[in-house]
Amino acid sequence: MKRVLSLFFIAALGVLLLYVVASMPPMGDPQTPTATHVIPRYLERAEEETHTENVITGVILNYRGYDTMGEVTVIFCALAAVLAVLGRERRGRIRGFVDRSPVPSSTIVRTMVRFMVPFIILFSVYTILHGEISPGGGFQGGAIIGGSMIIFTTVFGLYESSRRIPQKVRAPLEGSAVIVFFLVGALGLVGGGNFLTYAWPHAARGLQPALVTWLTVLVEVGIGLGGAMVLISILFAMIREEEEIALTA
Amino acid sequence: MSAARDIVAGALCCIGTFFFLVGTTGLLRMPDVFTRLHPSTKCDTLGACSVIVGMAVYSGWSWELCKLVVIACFLLLSSATCGHAIGRSALRRNIPYWRRQGKETGDGNGA
Amino acid sequence: MGAWRHFPIFMITLPLLGAVLMPFLGYLRERWVPYAALLPLAASTLLGFLLVGRIPAGDHLSYHLGGWEPPFGIEIRVDHVGLFLMLVVCAITLLALVYSRRYIEKEVSPGRRTAYYVLYLLMSGAMLGFTATGDIFNLFVFMEILALSSYALVAITGNRNAVRAAFKYVLMGAPSSIMVLLAVGFLYSVTGTLNMADLASRIAESGYTEVLVVSYILFVIGFGVKAALFPLHMWLPDAHSIAPSPISALLSGLLVEVCAFALVRITFSVFTRSATDLVGGTADAVGVAAAAAVLYGGIMAITQKDLKVMIAYSTVSHIGYIFLGITAFTAEGLTGAMYHMLDHGLAKACLFLCAGNFIYLKGYRRIEELRGAWRQMPWTCFAFALASISVIGIPPTAGFISKWYLILGNIRAGKWLYTIVLLSGSILAAVYCLRIIYYMFFQAGKEEAWEDASRDVPPGMLVPVWALSLGTLFFGVFSYLLIPSLLKASAYLL
Amino acid sequence: MRLLHNYHYAAAMALFCIGLYTVIVRRNIIKKLIGLNIMETSVFFFYISLGYLDGGVAPIHAGSADPARMVNPIPQALILTGIVVALSVTALALSMVILLYRQYGTLDVDRLMREEEPAAEGAAGEGEGGA
């Protein structure tokens, strides 16, 4: 009964949505409202206004910087939420890696992962630092670091990876994205502008563009580090739970 | 020259997508882990590498070529390792082989 | 334009920043965390009160983040109604946080306490940002912070029922967030802007009626789940009754209302009156659902045996009141809805905190166990009685004023049926509230049920409860302080 | 025929409905979460298609890129936020699943919800996630 009802509801919703799609502006047309209203200014003046070559980065960090500040808060909130549900691992509690899986990783896999992880991290640094002039940015780079640690942890275990990135290092960096954002915002206030204005207070006029670019990069680095640490902490919290399940089962 | 290059590049990309199609079909149709592993690892190695070689041909001698070669190298290494790891752990965990149901029961022509 | 134009952004960011800094303090001095968490919220409250009277009459305060003018950058937009709700949020979160310190020690395990305060601050900051924003995508972002922190706070005790209730909440809340995101996408596709004021003018001249209507329907479904409008309320009774009591107070007293207010903003500032024909049909459907909610919530509340579940069902009923005020589309109705947000926030928070007092002292959750409770816990019981009088809507309290304006608004709109529904909702509320008051004051409890050395809960928990219940009385007696400006602000919104 | 021209949007809507179906009807909670992610991805797909421009180039001012031919950067910027939000919700939901599995020993949502239901009997039907 419930199944039939929900199927009926979804079918109705689907028909409604398809009906909307049929009456939406044509895709890819340069005359649609989306392509004519706010965008032209972004595309034409973003470079001189935000001092970033990549317009997307300019939109994310500068024009809509407040959204991004909310977004890094969402990441931090996710970490706090996961830790509230699962609890953080105690300091120094992981004494040694007991490989409980019936299949320890083979030499091939270990060697390959040991070979690849530095390259992955190098790539993530590239992604973070080049977010301002090419596709990429803090979130992407942070996600790549997180991914590399996921690989490393699945192969070498929680003990090895938590020795590489101990809680001492992770805990202070988790909120770095929000803090960096807040500092940059406050810097704009000190300079007499509104919150989140990218400007140095009393820099010489000619120096301002370069400094704004550096601020952008600073925010990217903060987001990258913060995002990566949050991902890794979430991963560790989940793995610890998994190990406890394995113990009780 | 340019037309020939486009044709070669397009053909390579088509071959790559063909392997992806076959690999995905195999992944869906095959009955157990080991048989599924066989087509799905082909996706990454043959399929993706053909596409990358096609793109390399298309881009010609440029900075992109360098990046594409690096990507191809990492792809080959990682997908092979991945297939190995999955197969090995499935084997060690004694995941049962698929055997034909019905007439020929028993003797081990599984997998 | 003095420094005060920066106040709204500080009201929003200070709790968020405090939340990020709280783990450091938790690492250094864990015992200071409950006190330190009060600071950002107190600062926000102070800034909010300093902002009163600064907003020009019949206008709004617009703050351009990063200095980009509205269609290009994000705007914070605080009008009178928004500031009113922000102050309500500040005050209730502050009081519930004061209450939390003692209560949390009993229900939340030590390892999770810092996380509790972090999430609490994130939730209150997100509520403020959610109320103040003038950008429709920013609304979504803050809604997500709000949603994530509330999911986690429901589950924070970590026992199986709490996690299950929280998971149910996630299963309903997350799809609704996605629907809101999709609705924002539809709006963006036909207008090309995300700023609410700009959207309003672009919608008025936009030709894509179907897209706009469906976008509004998706908004109603999305925010309806978050605000627990009647057929979408399934998560509410579980989540609100199982969460720790201060969190129940926040969820029930503020979160649902803030989400209802988001729908007010969408209806009146984005789709505006010029597009009433766009939203008309949907608004009628919302009205029917809200009327059903009033009756359903009341009847379900009467049949409950668990005190907190009963209060939660009463919330379902009162959300119906708020939506009935909104769908009346009159200044009186909207004023009634806004005032109901205030008094329902105060009264419901007070009821949940009182229920928390019973749980804290005796562990009693069932209504029958409250027989003769006033002998031992007179202060709690009297606060409870005062708040329930406001819930019912008996004259000297704020509940009466808001219901008066809700009914007036519906009469002005010519919706007689809804007026009857509102009145019968009050009768249902009287039944379920007076039953508990009867149990508390006029029935003798079991012999050993209330024998204990301690008389009532510690003052740290009594003060917030009494502040809230006296608040309902204060805003009932001195309603003339707020009602005229709310009427003006509602007329401005319309 | 606008529907055929807007086939990207139509595909996104179809995915949305599939995801919603999975969330509502499937009984395994992991599958419900997968359905949730399908829904989210469909909305991301919808947004990115909104920004598409015929013959457009990436909105990066490198070399001699023509601003008039660049695709719309706003949906991409918004979707970055959307992805982060989706990730956060999924992480939280999965951590709840870990806890639920440990405490109940099942991933079947019907058995989860039926087992010693707390006082709120009326709230048993959780399935209508958006009905």
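When the chains are written out, they are named A, B, C and D in that same order, and each has its own residue count from 1.
Simple rule for what comes next: a contact is a pair of C-beta atoms (placed from the backbone, for glycine too) under 8 Å apart; a residue touches a chain by one contact, two chains touch by 3 or more.
Values in this document were obtained by computation on a predicted structure and should not be read as measured data.
Asks: Once you count every C-beta pair in contact for both, which comes out on top, A-D or A-B?
Replies: A-D
Asks: Which chain lies at the heart of the structure, taking centres as C-alpha averages?
Replies: Ranked by how close its C-alpha centre lies to the overall one, first comes D.
Asks: Chain A to chain D: how many Å between their CA centres?
Replies: Whole-Å distance between the two chain centres: 17.
Asks: Using mean CA coordinates as chain centres, what's the chain B-chain C distance in Å?
Replies: Here the centre of chain C sits 54 Å away from the centre of chain B.
Asks: Using Cα averages as centroids, what's the distance between chain A and chain C in whole Å?
Replies: It comes to 30 Å between the two C-alpha centres.
Asks: Which chain D residues sit where two or more other chains touch them?
Replies: If we look for residues of chain D contacting two or more partner chains, we find 16, 20, 50, 74-75, 78, 81, 85, 88-89, 92, 96, 99, 125, 128, 131.
Asks: Which residues of chain B are in contact with two or more other chains?
Replies: Residue numbers touching two or more other chains: none in chain B.
Asks: Which residues does chain C have that touch at least 2 chains other than itself?
Replies: Residues 137, 141, 144, 148, 151-152, 155, 158, 163, 166, 188-189.
Asks: Answer with line, ring, star, complete or other to describe the graph linking chains that touch.
Replies: other
Asks: Can you work out from the touch definition every pair of chains that touches here?
Replies: A-B, A-C, A-D, C-D
Asks: Which of the residues in chain A end up touching chain D in this complex?
Replies: Listed in rising order, the residues of chain A that touch chain D are 2-3, 5-7, 9-11, 13-14, 17-18, 20-24, 26-30, 34-35, 38-40, 42-44, 46-47, 53-56, 58-60, 64, 67-68, 70-71, 74-75, 77-78, 81-82, 85-86, 133-135, 137, 139, 234, 237-238, 241-242, 244-245, 248.
Asks: Where on chain C does chain A make contact in their complex?
Replies: Interface residues on chain C, with respect to chain A: 6, 9, 13, 16-17, 19-21, 23-24, 27, 63-68, 71-74, 109, 111-112, 115-116, 118-119, 122, 125-126, 129, 135, 137-138, 141-142, 144-145, 148-149, 151-153, 155-156, 158, 163, 166, 186, 188-193, 202, 206, 208, 210-211, 214, 217.
Asks: Write out the stretch or stretches of chain A touching chain B in their complex.
Replies: These residues of chain A touch chain B: 101-103, 105-106, 108-109, 112-113, 115-116, 119.
Asks: Considering only the defined contacts, which chain D positions touch chain C in the complex?
Replies: Residue positions touching the partner: 16, 20, 23, 29, 32, 36, 39-40, 43, 46-47, 50, 74-75, 78, 81-82, 85, 88-89, 92-93, 96-97, 99-100, 103-104, 112-113, 118-120, 122-123, 125-126, 128-131.
Asks: Which of the residues in chain A come into contact with chain C in the complex?
Replies: 16-17, 19-20, 23-25, 32-39, 41-42, 62-67, 69-71, 73-74, 76-78, 80-85, 87-88, 171-172, 174-175, 178-179, 182, 185, 188-189, 193-198
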